[in-house]
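Provided herewith is a single structure, encoded as structure tokens, for subsequent inquiry.
Note that the chains are named A, B, C and D in the order they appear, and that numbering of residues resets to 1 at the start of each chain.
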């Protein structure tokens, strides 16, 4: 049964019905702007489970059913990470716009192939950096971009819990993409990451780090640090942003107060660059100990905003907020982190080849 | 007015009545085992303020009054850090046992001088690592030492708040000594720190880092990491210890539940060292997701336990739990951290010359 | 497409697709033991919205479609409260088992009619007391029933938030049914409510109390108290149970620690009833200040357990845990509370006509 | 040794060195405006313990030493509650200003005697309602008095913990005085308590309630409710104030956020008194769901502010914020609560004979 609005909806398919796929199915089928035609998984019973027992949505284990369906204009890919590039490329070459679950690909090289292919074919390539579409991150981005936070002094994020050890990746590749994707949309141009240092520990001797610390040097002297951990008994999802004007604390596990803004800060008379550190140091540092405020945030599901942005970028023929390039920048940092870790935490400079579109 | 018990109390003096001195005065004068005779400060009005307007305790601005008083057997030094060595040495040479506020001294070289002098003169040299005497740390030490935690996988501590920028030291030297002193009493011999890496940021351009991250490599493959920060809008004092048997979370700002023990953990069949990581990785990792328990802790003030240990070590002629050597080990790590920071976070090996007495 | 298992599923329908209906639809359609055939609402677009745009489930605005469908063996009723009795009765008379959203009915008289009808027709009448099926309440029930809590000294529950003022009921009828339903399954026979006192406030002058306090006197000298409030800026969902052996704190908004058990308690040598209070009072009261433990609870959605119990009671021809009688006992307390409130909080005795089946 | 300022300090004494006395000694001896001359206790060793082993303050077990000392102008009384009246009266009759620990006296009759005596003798009689001098309560009083909270809809306070059972009083007389004293300074004249209802439970059969619920009817239709409990495993100190303009949440155990202000509220077009409730009910109720803000509060110890107010009222010859009359109003409510409890929670009207001085 096709209602008028779905007739104008964008024909879609979801490939991969494992952990994340069902969430895509739920949100896409719930969007009036989409017309979900297929759910595809090599294990068709998983595809069937994702749509439920009362659904009219087609299920298949053959990706060709999706690729050759002229009514499918866009595909959401949620297959295992090491297959992202292959599947996404097939979709692009079949003329479909593509939304890829994070990480964009298994390597920077693969990611670049996807970005180039999408550019050549004039198709939308979007990376599903879900957290970037939460009301909290959207508000943080606004606060930073509109200058309410001031210069970025530091960003400290903690993403730890008792996680399932991944058989083929370390904790950086599993958890850090979230924080790196958030930094990518939040940090202003003058605070871009310029170097990476990573410290990982493998106390279980599995061959992959399950505890990791990532330090990003930012232009302008700031620092961003992320603690990712699979062996923490408590779940923590906190990000603190220290700015020259205000400070922000985002506790994603505290629904009644996810975002706190502090008027606290440090005032220091800004000296001319010619002035020496010694001179500046001798000046009195004055403290502002101000009030706390917590804005009300909508409780909208981020993934529905992801779908909305995907649809909008297709309709408007523009790059989405988290396009392939954003996914690529995240991959570059992850690869640099891997190199740093192998060199006992040596600081690895980042080459900036991937410009921003926003 | 001398009551019988104070007649047998150890004659004491406090030198330095600034920030920490008054706490020493309050706890020493409250101890029946001590007979507090002098409070000395170059600014005698501060000494007077520390004893209050109704006190019989002598106040002076002349350290000689303390040194030549034959009834003074022990001195607590709470002067500025860069004067610790000079003042403590003078006390030792005058034949007084010495309790020094953290850090033991301004440099490792100075600290070694103090340790050697105390050894030569057969006097007690104790470092006031207050946190080590909190009921929480005492319990953590017991849990680790008695094997209830198992092998140490990682220790992650966060010590951040909106702090006063120090004019002459960075955030590592100001805050990290607490965490390093705690690690020193908690970690078992097979998990000693072997290398240090430090990342600091000076976004205010004061010439000193006010945001810092310290990574300690532990024998046996574990890691200890500390985040110290003067620019955090929220105060956090949390330490998580991940072990092979249990995990411990210490939140010092949650009096109703300072210590949480988790039966959560990861089981992995231990492989012979000959076995390759690949083989171990392929084995199934089994999870134990267990219950939480929070032991009741006494609310005793740690500093009173410090005085008790100082007195006991003097009476028993033994090294205190946090002796000069412990203070020296902390200084060694701090100096290595400074070197690492100057080398962009390079990993600096630790030379272990200072053996433990416990 | 009917899979083998659904062929044996119980044919079901959901009547009412407003606030709660969609949750019933989601859980019933997700249950392999059910075969959801209809969603009915006077506003058919709401019914359609509840099943989504890709569903094979029938939608209708005519209850007759449901009643005359021989394949519908059971109906879940989620219509406005004042219509529960009429709709549920129609379903029973059509030979369908019925699950009614709380409260069972608008009045005790109506509720009794439903209970009698179900009994006469040999059909299952279940009240959807959802909270009773949460892992937390199930565990509390076990702890109390198995004597781990000991004698019930008090139960204090707080259920407050900034709620929508209801146009036709007060805050007691809106929120208290949850707490009363929970007490009904948790309290042992020897601690049944025997009298009710209610204090309500209508500071907005709407004609209905929006702040309410309910006190239940329990057999054996205990007390149960509930604070319900539509005007609270913060959302609180906490229940404390004080027992002679242990104490339990249930904070439903703290997923990492929903349930806390305390070994804390008061020991008092039990005196023979002949003994006077004065004598008992003089005895020393000894305190046990013990440890805290928090059991791990499953995160299963309660409503799926409601459906499971509904199905099981139909298959086994037995009364469900929260049968019509449970709903009736809740209604009796609510009506007594209304009487008490009109009499300035006078204590109203409860007549116990409705026996328990468990 | 008398410094110039103490020469002009008010001569003081503390009578009673049990639980609260030492806090008075510490704060009075720390105040430059006071000259503490005596600490008196029937057990002189407790008095000695309160001043410490290095003090010049006089200690005695003979109240006459205090009463006949012409340099003692004011006395702080911290003896057992049932002796407050006798001791305070003796001090007043000796011409001393008096600060009495809460409750003012054992009965209203005794309290009236004290108030009258102080009035006749032209002396200051102050009740140590310590909480009223916390920065949090001072700020709440300001917010309410300056109209920022609007009309008081309700005040809900919870004061529970695992407390020591008192041998001679119930939980109302032990804990509720705090909440009643706070209400006394916070509530504006148009929201005075007009009636009391109390529900107590004595599940331990000690002859005294250890769980209590107190409901105060306020002028203007508001309500104030207090939950006091000696048998709670968790300590809770929370007060919620619902107003027509703003809502306030005071969590005294959360130092980082003791006070929260919510712009949340309910808007309802105010109807003329002639208008019926039915009409008002039918109007749309509009919700404002606003932001949260938490003002920074000083961490000053309340008791030092109590001493400051006591000294100021003596010097200025005025009634202190919490004068004898305030203590009397608290006693009147406590006695009414006792009556209500004996009558199964019947609502007892309050006779208002005691006018406010502020």
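Basically, a contact is a pair of C-beta atoms (placed from the backbone, for glycine too) under 8 Å apart; a residue touches a chain by one contact, two chains touch by 3 or more.
All values reported here derive from a predicted model rather than from experimental measurement.
Traced through touching neighbours, the fewest hops from subunit B to subunit D number 1.
For the pairs C-D and B-C, the count of C-beta pairs in contact is higher at C-D. For subunit B, the chain whose average C-alpha position is most distant is C. With each centre defined as the average position of its C-alpha atoms, the distance from subunit C to subunit D rounds to 40 Å.
Put simply, the C-alpha centre of subunit B and that of subunit C have 53 angstrom between them.
Among the residues of subunit A, those in touch with two or more other chains are 234, 289, 292.
Residues 257, 289-296 of subunit B touch subunit C in their complex. Residues 1, 3, 6, 29-30, 36, 51-57, 234-235, 253, 256 of subunit D are the ones touching subunit B in the complex. Remark: subunit C residues 151-154, 156, 162, 164-165, 167, 197, 199, 201-208, 211, 213, 215, 220-223, 225, 227, 229, 231-234, 240, 242, 247, 249, 260, 262, 264, 266, 268, 271, 277-278, 280-282, 285, 287, 289, 292, 344-347 touch subunit D in the complex.
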